[in-house]
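Heads up, there are several structures right after this.
Two complexes come next, and they have one chain in common, subunit A, joined by subunit B in the first and subunit C in the second.
Then we have the complex of A and B:
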């Protein structure tokens, strides 16, 4: 289960391989040679495919199979129950609360992180002299801190009595918030922490993409009298859409992967207000040892991610501007 | 006559050779894996390491390898995974409420035969009765009390003085506690600067059971077959929590197990419900005088025990089990129980441990360490049932919702009752 879970998660990231930043390879006349070459490609892919099959596709399939059984620590004999696990989840209020929390987390983190990352990438892409690299490193720094260490740090930052967060906001006259101990503020607290942790990575992707925007476009626009605002929306933003699509897909996936912060900072509490899908799977599979239910939740999780990514590629992907198109 | 003497001498020589001969010892060496959690603050992993080293030196044929496995939850997971994989640790400690789950998994062996022979048959009766309770199911002893605690009540004497209260007199009853907490709560506008009393979160299910005990009730029967969460006693206990945390707002409704001791040290809260296991941390960190008392009573004083016990795995050979027992007996001897208590702050599990000179000397200096032991006369076993992890989650969810005013205590406990019954019946 564990290896399946983690391999699933890491593999999903691989699904979102960087999109082509420029279209390459026009249609080539199909010849015997190219066919042979095509075959060679499959041959080269075989080892990784075998690996994926063993550690990703097989566990995915097996967990879908297990989701049809009642199987837990107190009933070591597997009993086939069909869709009973799915039905009992459908009737379980906690399951819907968990989904709601995931949605809330996604809405709270994705737009903010993307906007922040883009904004800061454009800023540090400007010629600021020597301080530029200092800024870049400083902004990227949170990303390099291991998530668990960062989460432990933020437990203290959010401490209502002696934490930094309330200390700083008290200067602004903002009333003290109990953060992780308040049912309304616990999830926002985790969202704030996650934005801090993740924007640097996305900023780096944007920064790389910005290097690929031809400078002559800006020159031409300046000559035409376009201001900075106009240049951003007319040139930078459209040319960054492939990067944005990539960032968006990764952000969606990582928003569903959120686990470490929850595990360290709240354990899903108070009153399950920060319980998210991955943590719920963990609880069912490894705390309650309800393997059937854990497998059911995992299967739902996989389907949900697949559907989300298909939707993104279908509807958002179409609007992506590729240089050569 | 003479022949028998010769045979005896030969046997003795063989035994000595077996015991001290390096070649024989090496070939006969039994290496035991020992999974253990650390459930309270402090460098206890080091203490366990020192104790096992000492045991290994004193017992050449056995080598115990201690494996620190995190908090109680991760340790349980590691043990369960290993048991299911058919490769269990020989010895392990997990939280006491997990015994029915371990039995359902057929993970441990009964220790009655060992216990009967230990220390001339006087071993088992020397343990404090409430500590023995979570060991016995179906008339058999399944594991031995080791790192054991009870919740106690801490109060900040300085803040009592500041509020014009007698610093030497902690509240004795629920009613007194509420009044005292009101006086100790300091507000600025809507903001609470200082809480009156903190009932620690994280293991608040454990503390809640103590309140139910103080109200003359119980939550799950010792056999783990009957739930009693919707009883009048339990509902009243939750009602009292809602009073403190929601209506009067003299205590924080949510917190974590690790955050409240520092809160007490930082004088963010004037009174604290927590394990006796944090006493050493408080004593060494607090810059003010504080006291330890029985938890205030309602109908009666009441507490239940907590902590972890030592168990031996079933699916290992008999000789390994014998060696494992040797280790457990050694770890729980009076002297070592006293030493472990001194190093950790846990309650020593045995009456005779309090007669050990080092222990007496220490307690003469700080009588606060005796409060938890003395409270044992009002204590009972902790509730336990199969799949206790799930039961905990169910209870904690409703406790959290109730103290936020999202659900009234009666409904909350009815929900717990219904859901726990479903778990127990499975």
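Then we have the complex of A and C:
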């Protein structure tokens, strides 16, 4: 055991940092012993890397490999078919409908959630006294509710006959809608509940960022005669850009993950109008047992995310992730 | 004195801007809380009381029977135990893996550090929602389907946790390590006795976030579980809904209330800590 350890460790002593200087300029004595002990970087990383490799990186390659096969209930033996799965998806109208639904969901949730979160964060950040924590709790608590439970609750609220939503919106002159049973209104219903569920978390992120905005900037602007509106667009909004980018990236990635709501509220229906990528993969793999097609969709999904990651790291990443260094 | 000036003085005296802020926030807070109050109200009603033309907010007589009936029909107690086991199992493993990795990324220079760190960062953006199918096949090959371990394994490494903790470790002065090394305290012992205690706020924040997000997991446990004895609360609720086929709203809302209650109660008690932690998560990422 001991010899194995030292042989693993000796590898990294070769690249261990040279002796550092302490603050007083004296060289810190680095004995061979302490080098051994401090050196095994790869041993420290091993537990994480093992799980990353098995559950994040191997699946990427594995699904790309499986996507080249026909492998379903009718063909329990894998047959190599090349890109046939991709071609049949290309010709499949449902695939495009699913992508359209994902886009629609993203467009419906992200701007609204961000605007609402920013607006409420600015208000909560004001000098409100002790009630501030009441507002924070009341606006943030949906984050603590499991999405499945929230979805169940909103199925009840969207009930066409005796649901709360139709009842209260009728006072605003909104016509009675069948919501989850209506092919035009099912996806908007899911969007409404998702906004309710998610804006609180983003509000907190904005709130954290707002507390970093120096107060004297506002005082200076007030003396110059800038009103609340000008102060917001002139000071608050530009200084919140990094927070907005962070929220935006998180929101896009989580918009791709929409599943629980769809599963509980509509099962993708009516007429696939709420079928989204994750649910579509689930359907193919676990309802139709078409693993080849599921793997193809998984690969497409991962490629979409990788493109997104590339964009994030290229244009946003340095700012969002490295400024704290 | 112009009308505008008069208005300004008048509004300052009555703190008009304050009032508008409170009214606006109050409105949004009320709208946000309404669904949950409606959930509680429905769960305490008699079956026949649900069908009223106008919403009846106060359940009378109060009927706790729905909760008892939920427990009779599905093993929600077992679901709760399973959830606690899975969530704490994930957190324990994560704390180990992220501490070791974050220490190396914050304190050591070595070949390939940037590339390896990138591998951790990318994991933050490849959620289980994208990889559940190949991961399901992996667990099937490992013969681990329908176990609690299966629900935990994919989350044992956390790019996000490693990232958060690395930032925290980096802020701890280097001199401290030099001093510790001279005193013969290096490597794991330095990590355990110096870095971890100093990074406690970050560990608590990450712990709470991990707890909440895995308490709420649905898709992955849905795929890898088959029988009630290993299922978690969220899956149990989903199954309950299908089993009852949506007819009895008082019962469904009682089950939903029970599933949401543990986390909400803990949240209300420790709300300051939770809110600080979630705020902190964004702060680290956004600045």
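Observations on the structure shown:
Here is the rule we go by: the second predicted complex is superposed on the first by the 262 of 325 C-alpha atoms of A that agree within 3 Å, B and C clash if a C-alpha of one lies under 4 Å from a C-alpha of the other, contacts with A are read in each partner's own complex, and residues count from 1 in each chain.
By our rule, a contact is a pair of C-beta atoms (placed from the backbone, for glycine too) under 8 Å apart; a residue touches a chain by one contact, two chains touch by 3 or more.
Owing to the predicted nature of the structure, the values given are computational and were not obtained by experimental measurement.
Legend: residue contacts after superposition of the two complexes on their common chain; A:162 is shown touching both subunit B and subunit C. More residues of subunit A lie in contact with C than with the other chain of the pair subunit B and subunit C.
When the two complexes are overlaid on their common chain A, residue A:289 makes contact with subunit B while staying clear of subunit C.
Of the two partner chains placed by superposition, A:105 touches none, neither subunit B nor subunit C. Contacts of A:71 after superposition: neither subunit B nor subunit C is touched.
When both complexes are overlaid on chain A, the residue A:248 reaches neither subunit B nor subunit C.
By the touch criterion stated above, A:185 is placed in contact with neither subunit B nor subunit C. Contacts of A:280 after superposition on the shared chain: neither subunit B nor subunit C is touched. Touch criterion met: A:176 reaches subunit B, while subunit C stays clear of it.
Note: residues 155, 159, 162, 286 of subunit A belong to the subunit B contact set and to the subunit C contact set alike, using the contact criterion stated above.
Of all residues in subunit A, only 12, 15-17, 20, 22-23, 28-30, 34, 37-38, 40-41, 44-45, 47-52, 54-60, 62-63, 66, 120, 123-124, 126, 128, 131, 133-149, 152-157, 159, 162, 164, 167, 196, 200-201, 204-209, 212, 228, 242-243, 245-247, 250, 253, 256-257, 259-260, 263-264, 278, 281-282, 285-286, 291, 294-295, 298, 301-302, 305, 308-309, 312, 320-321, 323-325 touch subunit C in the complex they form.
By the touch rule above, subunit C contacts subunit A in their complex via residues 17, 21-22, 24-26, 28-30, 32-36, 38-39, 42, 50-55, 96-98, 100-101, 103-104, 108-111, 116, 119-123, 125-127, 129-138, 153-154, 156-159, 162-163, 167, 170, 174-175, 178-179, 181-182, 186-188, 212, 215-216, 218-219, 222-223, 233-234, 237-238, 241, 246, 249, 252-253, 256, 259-260, 263-264, 267-268, 271-272, 274-275, 278-287.
Those residues of subunit A lying in contact with subunit B across their complex are 72-76, 94, 155, 159-162, 175-176, 178, 180-183, 269-272, 283, 286-290. Put simply, subunit B touches subunit A in their complex at residues 73, 77, 80, 101, 104-105, 190-191, 201, 252-256, 259, 262-263, 266, 268, 386-387, 389-390, 393, 396-397, 400-401, 404, 406, 426.
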